[in-house]
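So, here come the structures, one by one.
After this come two complexes, each holding subunit A, first together with subunit B and then together with subunit C.
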Partner chain A sequence: MKTNDVIMQFTAKLVFFIIFFFAVHLFFAGHYTPGGGFVGGLVTASAIVLLIIAFDLKTVQTILPINYINMVAIGLILALGTAAFSMFTGKPFFTHYYDYFNLPILGKTSLHTAALFDLGVYLVVVGVTMTIIQTIGEDE
Partner chain B sequence: MSFQILLNLFLAFLWMFLSSNYSLSRFIIGFLLGLALIIAFRKFFKSRLYIDRVWSVIKLSFLFIKELILANVSVLVLVLRPRLELQPAFFKYDTKLTEDWEITLLSSLITLTPGTVVVHVSDDSKSLYIHVLDSNDIDETIDSIKNTFEKAILEVSRS
Partner chain C sequence: MFQVFCIFIPLLAAIFMPFFFKKISSIHTGWFVLVVPVFLVIYYATFVPAISKGDTIIEQLEWIPSLGISFVSYLDGLSLLFSLLISGIGALVVLYSIYYLDRTREKLHNFYIYLLMFMCAMLGVVQSDNMMTLYLFWELTSISSFLLIGYWNNRDKSRFGALKSTMITVAGGMMMLGGFVLLSIMGDTFSIRELIAQAPELVTNDLFVVALVLILLGAFTKSAQFPFYIWLPDAMEAPTPVSAYLHSATMVKAGIYLVARFTPIFAQSEVWVWLVSATGLLTLFWGSFFALKQRDLKGILAFSTVSQLGLIMSLLGVGAIAYHVEGAESSIFKYAAFAAIFHLINHATFKGSLFMIAGIVDHETGTRDIRKLGGLMSIMPVSFTVAIIGSFSMAGLPPFNGFLSKEMFLTAMISIAQFDLFNFSTWGILFPIIAWIASVFTFIYSFYFVFKTFTGKGNIEELPHKPHEAPVGMLISPVILAGLVVVLFFIPNILADTFIKPAVMAIQPFLYSSPEQINIHVAAWHGEITTELYMTFGIIALGLVLYLTLAKWQKMYNLFPSKLTLNNLYDFVIYELFDKWVARLSGQYMTGSIRRYLSYMLGSIAIIVIATLFIQDAFRVSFEDASPIRPHQIIVILVLVVGTITTVFAKSRITSIVALGLVGYTVSLFFVMFNAPDLALTQLVIETISVALFLLAFYHLPQYRKEEERTRFRFSRAFVSIAVGVMVTLVALSAHSQKFIGSISEYYKETVYSLAGGGNIVNVILVDYRGFDTLFEVAVLAIAGIGIFAMIKLRLSTKGDKL
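Right after this comes the complex of A and B.
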C-alpha cells in the first residue's frame, strides 16, 4: 500500500540542502571552532539518510550515483598521502605545512594541509556510514 | 517571473560596467534603476511583476504570524476552561491547490495553527484530511482556511 507522501518528500528535498550546507560549514569551521571532518561527514550522511527515508533506496541511488566503498578508499588515500608526503622531503611522518596566500577573491587566506587530511576523514565517515545503512536497508 | 529577476540582475551588472565602478553600492543603484525600468515597462511582460509576488510572500508571512497568535490564544482559552466540552472530528477539505510546494505550505500552515492538524493527503492530492479539535464550528474552520491561507497562497502562485 503506497500512501501519498507529498509533504514529507517536498520537505525532505528542501531540508536536504540546508543540512548539507550546515555540514560543509561545520567541516570548514573545524580548524578554529568546534566542528571538523568527522562531524561534517556524519551530518552529510544524515542528510542523505533523510532523502532515503522520504523516497526509497533505489531512487536515491539514481539521484546520487556514488559508490560509497570507493569513497572510503579515496578518503583513506587522501589521509595517508597527506601524512606520508612529508617523509619524501626528509621530515617526520605527519608533518603539516601551512602558509598564507593571497587568493583572487577571498583575499589573505591561510591554507593548511590539515584540511586535506580532514577531507580524507570526511570522505571515509560519509562512505562508511552510507555503506552500513545501504547494506542493512537492502536486506529484504 | 524568473526572466524578470534575471533581466534585473543583468541591468544591474550593465550599470556597473557602464560606470566601471565594481562596488556593492553601484550594484544596488543599478538594481533599483533596473527595477524602475521593469515597473515602467510592465506591459511588455506576459506574467505579473516579480516584486508583486515578493510583496504577496511578505503578506503571507505576516498573516501566518497573526493567525498563529490568535489560534494559540483560543487554545489557551479552551485549556483554561473548567469543563472541557470538546467534540473532536475528522473532515475532508477539498483544495484548489495543485503544486507540491503549495500543498506542503498549506498543510504546514494548517498544522501550525492549533485546533487543526493535517493527518493525510489523498492519493490524487486533491483533498486534505484534517483533524479538528472542536467540531461545533467545522464550517467556520473551512471558511477561515479558504479565505485566509488558501487565498494568500493562490495570490503568491498566480502568474
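Right after this comes the complex of A and C.
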C-alpha cells in the first residue's frame, strides 16, 4: 500500500524555503550576531534532509543535482584561497580585508573577505553533512 | 694514509671476490684471496725493526671529527704482534682452505667475503686507538664470525651455533660499549693513549669500577672465559679453516688483546687483578677438565682453546700486579705479562696446526668422532707428526715452545702465592694448585687427542671414507705452524726481542722506557732445578698414569648431572625465559581487547596525573571568584545528572541513546545560560544529527546479537572510571583556583570592530583572529565525510566485483 503523504510533502515545500532563508540569514548575520558558516551550513543541510524525508533520495537528487563531494572540495579551495590571497600582496597568510561600500538598495554595507572564508566553511559543512546522510541512506 | 688504508684492504678485496668466483671459475677463488694476507704480512713485517726498538707508529683518518671519532692505525708492540698473527695465520688458513673447500660444491665467494670481512675487522680491533672505532670493528668481528659459523646454513646445528655465539658475544660487546662510554665520560676522550696518560686520576672516579667490569664482560664473552665459554664448542660447526682461524688464533684473542690493552688503565684496581686472574684460572681448570668429556675432535680442541685462553688471561691478571709492587719483588710479575704474550704466540701456532689436523682427519675419514677413529698413524704419517708436535707443545713438553711458556706460567703462579696484597696471602696458595691440576688435565687431553686418533687398532674399514694421506697443499699450513712450534723452542730470545718485549712495553708502559730494559731471558734450562721443574715432572708422571687408566675413570664424567650445565642455562634463558615466558607475559596483557587497552591508558593517565598533583603539591581549592549558583541552574544540573546516570545504567540501548540526547540538549541549555548563543545553536543541531546517526546504527545491529541487557558491572572498570572522574575534577578545581595570568579576551573585545570589522566576537575569532584553526577543522570535517563515503562505497572485501 502506498502511503499518501500529501500534507507532509506540501508542508515540506513551504518549510524548506523558510529554513533555507533562515540559514542564509544565519550565515550573513554571523559577523555581527550569533550564527555563521557552520550553523548556517548545518541548517541548510537540515532543510535538504527535510526534503529527502518528505520525498525520497532520487527525487531530491533530480531537484538539486549537486555533487556534494565536489561541493566539499570547492568549499575547501575557497577557504584556502581566501586565506592565501593575502600572500600575493606580501601580507601574512590569513590577512583579511574589509571596507564599507554604498550599495544600491542595501545602503551602506561592509564587505569583508572573512565572509568568503565563511562561505567556504558553509559549503564544506553542507557538503559533508549531505555526503554522510546520502551515502548512509543509499546503503542497503 | 696508507697505513690506515691497509686495514680496509681485505674489505676492498672482498668486493671483487664474487667476480672472481663467477667469471674465473676454473681457478679456486682462494688463490686470489691469498694475495691479501700475504701482502699484509710483508707490509707489517716492514714495521718490525722500528717497533722492536720501542717506537710507536700512528696514523689517523678523521671520520666524525666533531665527535672526536677517527680511524686510527696505531702500531706498537702489542698491535703489531696481533696484526702479524692475523695476517700470517690468515694467509696459512686461506692456503689450507683452498684444499679444504671444494671449488665446485661450495659457495666460495660467500666464504671468502666473510673471511676477508673478518680479517679487516680484526686488524681494525687491534690497531684502533679510538674506542668507538674499536667497538665498530669489534662488532664487525661478531657479525662476520656469525656468518662464518653459519656458513653451512642448511644445517640446524650451524645455525644454532651461529646464533648462540652472536647472542653471547654481542651481549658482551654491548656491555663493552657501555664501559667505553663511561671511560670517555671520565677522561673526556675516546683515545686509549690519552686515557692511559690520565690513568692515575681515573682510578679515583666513581664510575671507574663500573667501566672496568663492563669492559671485562666484553673481553670475557669474546675470549670464551667462564661462564661465557659455552658458545665456543657450538661454534665448531663452522668449516675447519674458520675454527682454526677465528676460534683458536685470532677472534677469541680479541678479548685477550682488550685486557692487555686496557691493563695500563685498570691495573691500578684490585678488582681488575682479582677478576682477570681468578676468572682466567677458573676457565683454565674448567676447560681442561671438560675437554676429556668430549668425543668430537674439534670439541676437544674447543675446550682446550677455552682452557688455554684462561691461562693467558690469568697471566695477564697476575701481570697487572706489577703496578702495585716495586723493586725486585715486581720483576716476577713483569715476567707474567711476558709469559702471557709468549703463550699467546705459542697457542696460535700449535692450536692452529691442531685444528688443521682435525680438519684433515675429518676430510679424509669422514668423521670427527674420536671413538670411531684410531690407527691412522701409518696411513697419515705427516698429519700424525704434526699432531704429535702440536699436542706435545700443548701439553707443555720439551722440545716444543709450549714447554717454555708453561714453565713461565707455573713460575708466575708460584710467585703469586707468596704475594701479600689484596688477600692473596690467604687465597693465593690455591693459584699454583689449581694451575698444576689444570696442567695435568691438559697433559691428559693432549695425549687423548693425538693417541686415540692415530694409534691403536681402529676400525679403518668402517670409516665413512677410505682414509689416505691428505694432499700436499693441505699439509703445507699445518707443517709450517708445527715447524714454528719447534723453531720457537730453540730461538725464543729472538722472538722475545723482536715481538714480546715491545708488546710487554705496551702492557706495562709505566715500568719501562725501552724494550732493552726488560731483563728477561728465556731459556729451556735455567741451570738449576727449580720448583716449577719439579711440578712439570709431576705433571708428566701423574698425567701418564691417568692417561693410561683413562678408560677406567672417563665414565666419571657421566656422573655430572646433565641438566645442570651452562648450556642448559643458556637454552633456558633464550628459549624458555625469553621465548615462552615473555610471550606468555605479554599475552597476559596484550589480549587484543580494546576495553582492556582503554583501561590501561585511562587508568595510568589518572594515576599519573593525580599522583603528580599531590607530589607537586599543586592541589588548591578556592571559591573566591566563583559566581553565585541560581535555582534554575540547579534544576538543569539535576536533569544532566539524571540523563548521565540513565545513559550508564539503562537496560536497553535505545534508552541510552535517548538519554544521551537529553544530556546533549541540556548542555545546549547550559550554553544558553552562560551566554554562548553560537555554541548553543551548533550544539543543538549537532546533537540532533548525532542522535539520528546513533539510531541508524542501532537499527542496523544484527538480530542474533541484539541482547537487551544491562552493562555488566566490573570493579576494575568502575575504579578506572571513578579515578578519571576524580582526576578531571581535581585538575579543574585546581586550575580554576589558581590563575596566574589574566585572560587575553580583553584585546578581542577592544579590537573586534576597529580592527576586524565585526560584531560577533566568536565568529570573528573563528574566521579572522584564529582562522587558521577553522581552516583545518573544516579540512577534518571534509576528511571525515570522504572517509564515511569511502567506507560505505568501497567495500572491497565483500563486494569486490561490484566496484
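Definition applied: the second predicted complex is superposed on the first by the 139 of 140 C-alpha atoms of A that agree within 3 Å, B and C clash if a C-alpha of one lies under 4 Å from a C-alpha of the other, contacts with A are read in each partner's own complex, and residues count from 1 in each chain.
Here, a contact is a pair of C-beta atoms (placed from the backbone, for glycine too) under 8 Å apart; a residue touches a chain by one contact, two chains touch by 3 or more.
It should be emphasised that the depicted structure is a prediction, and the values quoted were computed from it without experimental measurement.
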Which superposed partner A:His96 touches (first subunit B, second subunit C, both, neither): second
Subunit B versus subunit C as contact partner of A:Asn4, first or second or both or neither: first
Most subunit A residues touched (candidates subunit B, subunit C): C
Subunit B versus subunit C as contact partner of A:Val72, first or second or both or neither: second
Sites on subunit A touched by subunit C in the complex: 26, 30-39, 42-43, 46, 69, 72-73, 75-76, 79-80, 83, 93-94, 96, 98, 110, 112, 114, 117-118, 120-121, 124-125, 127-129, 131-132, 135-136, 139
Residues of subunit A that touch subunit B when the two form their complex: 2-4, 6-7, 9-11
Touching residues (chain side subunit B, partner subunit A) in the complex: 100-101, 103-104, 107-108, 118, 120-123, 125
Interfacial residue positions of subunit C with respect to subunit A in the complex: 677-678, 681-682, 685-686, 688-689, 693, 696, 756-760, 762-764, 766-768, 771-772, 774-775, 778-779, 781-782, 784-786, 788-789, 792-793
